[in-house]
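Working notes, structure below.
A, B, C, D and E are the chain letters, set down in written order, and residue numbers restart from 1 in every chain.
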Amino acid sequence: MSFISYLINGISLGSVYALIALGYTMVYGIAKMLNFAHGDVIMVGAFITYTMCSTMGLSPVIGVLAAVIACTLLGMAIEKVAYKPLRKASSPLAVLITAIGVSYLLQNVALLIFGANAKAFTSVVSVPAVKLADGQINITGETIVTIVTCLIIMAGLMLFINKTKAGQAMLAVSEDKGAAQLMGINVDGTIALTFAIGSGLAAVAGVLLCSAYPSLTPYTGSMPGIKAFVAAVFGGIGSIPGALIGGILLGIIEIFGKAYISSQMADAIVFAVLIVVLLVKPAGLFGKNIQEKV
Amino acid sequence: MAMLEVNDIKVYYGMIQAIKGVSFHVDEGEVIALIGANGAGKTTILHTVSGLLTPKEGTITFEGQDLVKIPGHKIVSMGMAHVPEGRRVFAQLSVLQNLMMGAYTRKDKEEIAQTLETVFDRFPRLKERQNQMAGTLSGGEQQMLAMGRALMSHPKIILMDEPSMGLSPIFVNEIFDIIQEVSKSGTTVLLVEQNAKKALSIADRAYVLETGKIVLEGKASDLLNNDSIKKAYLGE
Amino acid sequence: MALLEAKNLGISFGGLRAVDDFNIKIEKGSLYGLIGPNGAGKTTVFNLLTGVYKPTEGIITLDGKDVTGKKTIEINQAGIARTFQNIRLFKDLSVIDNVKVGLHNHMSYSTVTGILRLPKYYKVEKQMTEEAMELLKVFGLEEEAETLADNLPYGKQRKLEIARALATKPKLLLLDEPAAGMNPNETLELMETIRFVREHFDMTILLIEHDMKLVGGICEELTVLNFGRVLCQGKTSDVLNNPEVIKAYLGE
Amino acid sequence: MKKLSNKKINKTFRDNLITYGMVIAAYVIMQILVSAGSVSSLIQGLLVPLCTYAILAVSLNLTVGILGELSLGHAGFMCIGAFTSAFFSKVMENSAMPSGLRFFFAIMIGAFFAGVFGLLIGIPVLRLKGDYLAIVTLAFGEIIKNLVNIMFVGRDENGFHISFTNTMDLNMSEDGDVIIKGAQGITGTPHDSSFTIGIVLLLITLFIVLNLIHSRDGRAIMAIRDNTIAAESVGIHITKYKLMAFSISAALAGVAGVLYAHNLSTLTALPKNFGYNMSIMILVFVVLGGIGNIRGSIIASVILTLLPELLRGLNDYRMLIYSIVLIVMMLFNWAPKCIEWREKVAARFKKSVKKEAE
Amino acid sequence: GCGNTDNGSAATGTNAATESAAASESAASGSVFKIGGIGPTTGGAAVYGLAVQHGAEIAIEEINAAGGINGYQVEFKFQDDEADAEKSVNAYNALKDWGAQIIDGSTTSGACIAVTDKTKEDNMFQITPSGSAVECVQYDNNFRVCFSNPNQGLASAQYIGENGLAEKIAVIYDSSDVYSSGIYEKFVKEAENQPFEVVAAEAFTADNKTDFSVQLQKAKDAGADMVFLPIYYQESALILTQAAAMGYAPKWFSCDGMDGILGGVDNFDVSLTEGVMLLTPFAADATDDLTQSFVTKYKEKYGDTPNQFAADSYDAIYVIKAAIEKSGVTPDMSVSDICDGMKAAMTEITVDGLTGNGMTWTADGEANKAPKAVVIENGAYKAM
């Protein structure tokens, strides 16, 4: 019985990672950059919802909407000010470092505005928990909503990328910006759109993360951000279903590691599994291992 | 008025000036060849015309509109296509996806399907390989794809950067036939070629470029018989 | 005995039979051409010979030694060097350093010698520089020795690739479309260089090329590939007049 | 021909000389200022950390700039160097060994263990590429930190005891001494680091890295960076040279760890000092200073270590300003538009200088 | 809500000092005591450092308003150390440059240990409000206000055992934290002598503290009737929430780190804390005048409910005051002389503070005060 509840807990945790990883992988897949500030956009989204709902007492729907809109704009602004000037820089690492700067910036702004005290986030989810086996197994409403959201977002993203022109444009831009422009694709616009979508997703992820684990500080986003990065790589970075599966597996491994091996070594176990997987499948579970044609 | 008019452009890579004041024009329906040695600046000029590079000085007008002021991606929908140097196919997309990307600015599905048919007719190899990842095509196959992709936008003018590079002799002949056909079907052509002899034999007029400057221009047939051109570019 | 002998080579990519039942015999000192339509499998043959791909069947022997399925570096050490269809230089190294990397396995000193700058370091580095400069001279690149490889014009990049390959002191040199992107004059110059290399280094050369002037001008023997199979093999003049070759490859 | 090669040797020689000279000059100036009493305690206290971070940045530049692989686990190697050496120093503290010799051995031990870990980790990991390599190095760094945090090592008359749960499991006798206490780490490491030693270690690091780069092996490493397939085709042993660069880089990070551990009386493996945040911080030094630019790494590490300290006057706004400055510096150093602008300004400046000279 | 934490910290301290300095004639320039505070005000542990800073600032303000110490005004400056040992030394050096004579800090144990070495070298008087590791008071110039970790572990185990509160106990602790693992170690050791059994000991780490479902499940499966939480209240809040969600309701027992659970987490549902027991020296809702006035001021000024860190730091300043008054040191004396004077005085003073009545100190730096065991009832502490 405890096995099943561990499994469910793993899926709960993993679905949160997956949700974050979807945004991460989306931005990585198209803009080819590790946006280390992604986790902090999550935090911003959560704070906005917190302010709207818990402080100002507005309805969760408005709170979430406001967070999505604000984060979308924030994502686009960050891209424009901090990332775009470096797009043609001679090394892709330059923009990675700027992203780290942006991450610090968001954390410190949040610290100045909201203080360091943790805020207990009021869940925006009103779906009741499902109890099975005489209440021994408990699937929270947050878990259900997160998983459903993940699936919807994953399907939506895949449809968007494969079926819409803007999505196809993203694929082209991710490979060769110059050639994409020669096709008539608005490269700047496409990348801005990518960040907008990624950051909008981050807001949703932030709200659900804090609904499931209701503790919000200026640093709330950074660890889940890294974990989601791990999850995205695990699933094959750039792959959308990979992010989902990677996230959920990561959650399950983390919980099982704690449960059956050692809670002290939880971090080590997760990372060790990651390493083993990557050694066997060097491009992650769903990544295409593309060999360069000689 | 000329369809494409390039007026005294200067282009820099950082501090290095690659184009030192070049002017030329292309009239509707013409085939214009641009020839010159390695590093003369041919590719740079094409990149500047199609908006991948911005000139520091000078103007480029296409059908009366100033291209320098227009965002690069809008130039395609005005009717200009570019077969870039080094092919630049989308390596991880399939051949078919690559071709459809060429028709990105077009809306009418039926017309696109028609163009696709004509492209497949011209390059049967692409039809055979439509689901192969473009990156795994052989060098020559990629060249065909780049050409086909440009044609998919049904352009008014097409810029081609060394389209015969890496092609087998038989296919070199074929590609020049195709260029002529394209031209006959009403598309204007601006052609950069190392194979100057072939290029001049199908062009109406030509410009000769040396280290960022135009040093000679004239009717292609005249240039074919010009001694200095023969010596420098035709290997005779 | 032939320097290189490949028997019955074959490889597939997915469903595509890229090379099938490929046989070739190259005598020492010859200048051999490999031609064929686009996508015929020429580059793939090079990749098989140099260990980039492992053949699913067939045997490759170099100088009597079986090198089938060996790794790229082992094959290089056994004596095959190559250039690439899409140029692959060490872009951020200077021209001379590119060549020195080629000399890597032929002139050496230990890591510790390098770090501590023992006398041997200076001695060997000096020898390397001299030898590299000599090679660069052959290709008219000595002026550009300190230029970054990336900043060379296209034609010179191709030459540098050949120089780097030669620096590994191969028995057999494989050139993949060395004249691509060159104008007729530059091609003529390249032909001279290739001839010179053959004489001067007593080299055996196998090259892929679509420029018939070059192929006809310097190759003694040809193999024509079509759809992964050998279409025709023999003396250059014979092959180029073979009607099947004309039909499939040359055009009239 | 001779002339050309001489010119090159001279140029790199001069370049290296400037780098060494810069470090030595900084040392001399600081020593003079310190003895004149005109250096604040804050700056004095920062001298050893500055050396530590400069060594880290130089060593990571070997991996990122020269080998061309992205490593996010460098703090892990630093951690190994710190803990192994501090452990050794604690064990030997009451022995007859003179402290100078003890510290020398501590440095050797730190470098050795970090290097060995670099090698062990490198063997499987260096087959991966780009971001996958980055994440796996990050993972190794985190594993190391996690394990150090739950590691207990004690010594009594029966020898050493190790446990991964708590001190009771060490089963030590009454008068045993617990040296590594899990999250509480090692306390009371002898204070052996000094500015002079830091500078000497930095110079040695520079010597190793610069000489390696400009040797046959360095060329092979850079060739692999630029084009692996071509490097293989000219007979370069990819794995060997990747491992060489990676483990030397790790060993040098270990040396930085030794310096770190012997500068503070407490050594704990926190996310802050040995977690991925630190690895990223070192990467920031490298990238800001210019990938592959060794001197730049030193300068960037000094600026970025000093900056938050010098901003202390801003109180609560300190880290905010710091992050903004970081972003602005990155844009200034890397954005093509800024580079162009800088070149133009420099050219104009040169021109005007010339004119004046005339 | 939004605390106005953007109030320049040192600015507040110095402003206050200068304002009242103007009022008080005796504070001629140069003759003020300069006290430096150290703790994280940025980074993940900022909440603790800010509390220490704010607690001290209130005490300083009160003291200056009341005419200072022995007639001397007090200046206070607080420096960020990001909870890092190296940065803490930097912060200390920055304070030294400013002219600090006495140190209130560092806030976190690891950082504090590193600083003790430096204050020892300079022979500067250092009292840490919250550095609980043994080594935080390793030298004769180091003192602390809070309990030491072993002390808390021992006291907790004994209290539980003596009062027969539980038979089977699970521990959830932070294996990457000095404070938490320090208490845990001693607790488990002492448990052997007590009539209860530790049935599960589960850890989490700084990088892994969002999901506690496994730890709770294990405690539950092991049949623990009490869970001991030697951790801080921020994580405890999450644990209580998650336990409630899974329907697990053991008794909860905790140490002073738990203090803050009632007001420290904004918007937290305090009904979850019903019945939680903790050993703490401070309770923000105690009814004595001192606490009430402190809490009121704190809320007014910083918008938050003070936690035990703030209280410890407030007391630390008053301890400093008492030691100065007792020893009669003056600001114009050297740092070392001030330290020697205060050191000697420390064993002679008795302080009534927020965290204890009649606190006295031993020469080895530990405070003698009785931990109060409290239980949360109806959202308030109640003595047990």
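In the analysis below, a contact is a pair of C-beta atoms (placed from the backbone, for glycine too) under 8 Å apart; a residue touches a chain by one contact, two chains touch by 3 or more.
Given the structure is predicted, the values throughout are model-derived calculations rather than measurements.
The minimum number of touch steps separating subunit C from subunit E is 2.
When the partners of subunit A are compared with those of subunit C, the chains appearing in both lists are B, D. Centre-to-centre, using mean CA coordinates, subunit A is 36 Å away from subunit E.
Subunit D has its Cα centroid 50 Å from the Cα centroid of subunit B. Between subunit B and subunit C the centroid-to-centroid distance comes to 31 Å (mean Cα coordinates, whole Å).
Residue numbers of subunit C whose C-beta contacts span two or more other chains: 43, 52, 84. In subunit B, the residues that touch at least two other chains are 136.
Multi-chain contact residues of subunit D (touching two or more other chains) are listed as 142, 146, 150, 165, 229, 316, 319, 336.
The full set of touching chain pairs reads A-B, A-C, A-D, A-E, B-C, B-D, C-D, D-E. Contact residues on subunit B toward subunit D in their complex (touch as defined above): 14-15.
Per the touch definition, subunit B reaches subunit C in the complex via residues 37-39, 125, 132, 136-141, 143-144, 162, 165-174, 194, 196-197, 232-236. In the complex of the two chains, the subunit A residues touching subunit D come out as 28, 34, 36, 82, 85-86, 88-91, 93-94, 96-98, 100-102, 104-105, 108-109, 111-112, 226, 229-230, 233, 237, 262, 264-268, 271-272, 274-275, 278-279, 282-284, 292, 294. Listed in rising order, the residues of subunit A touching subunit C in the complex are 294. Put simply, subunit C touches subunit B in their complex at residues 13, 16, 35-40, 43, 85-86, 153-155, 177, 180-188, 210, 212-213, 248-251.
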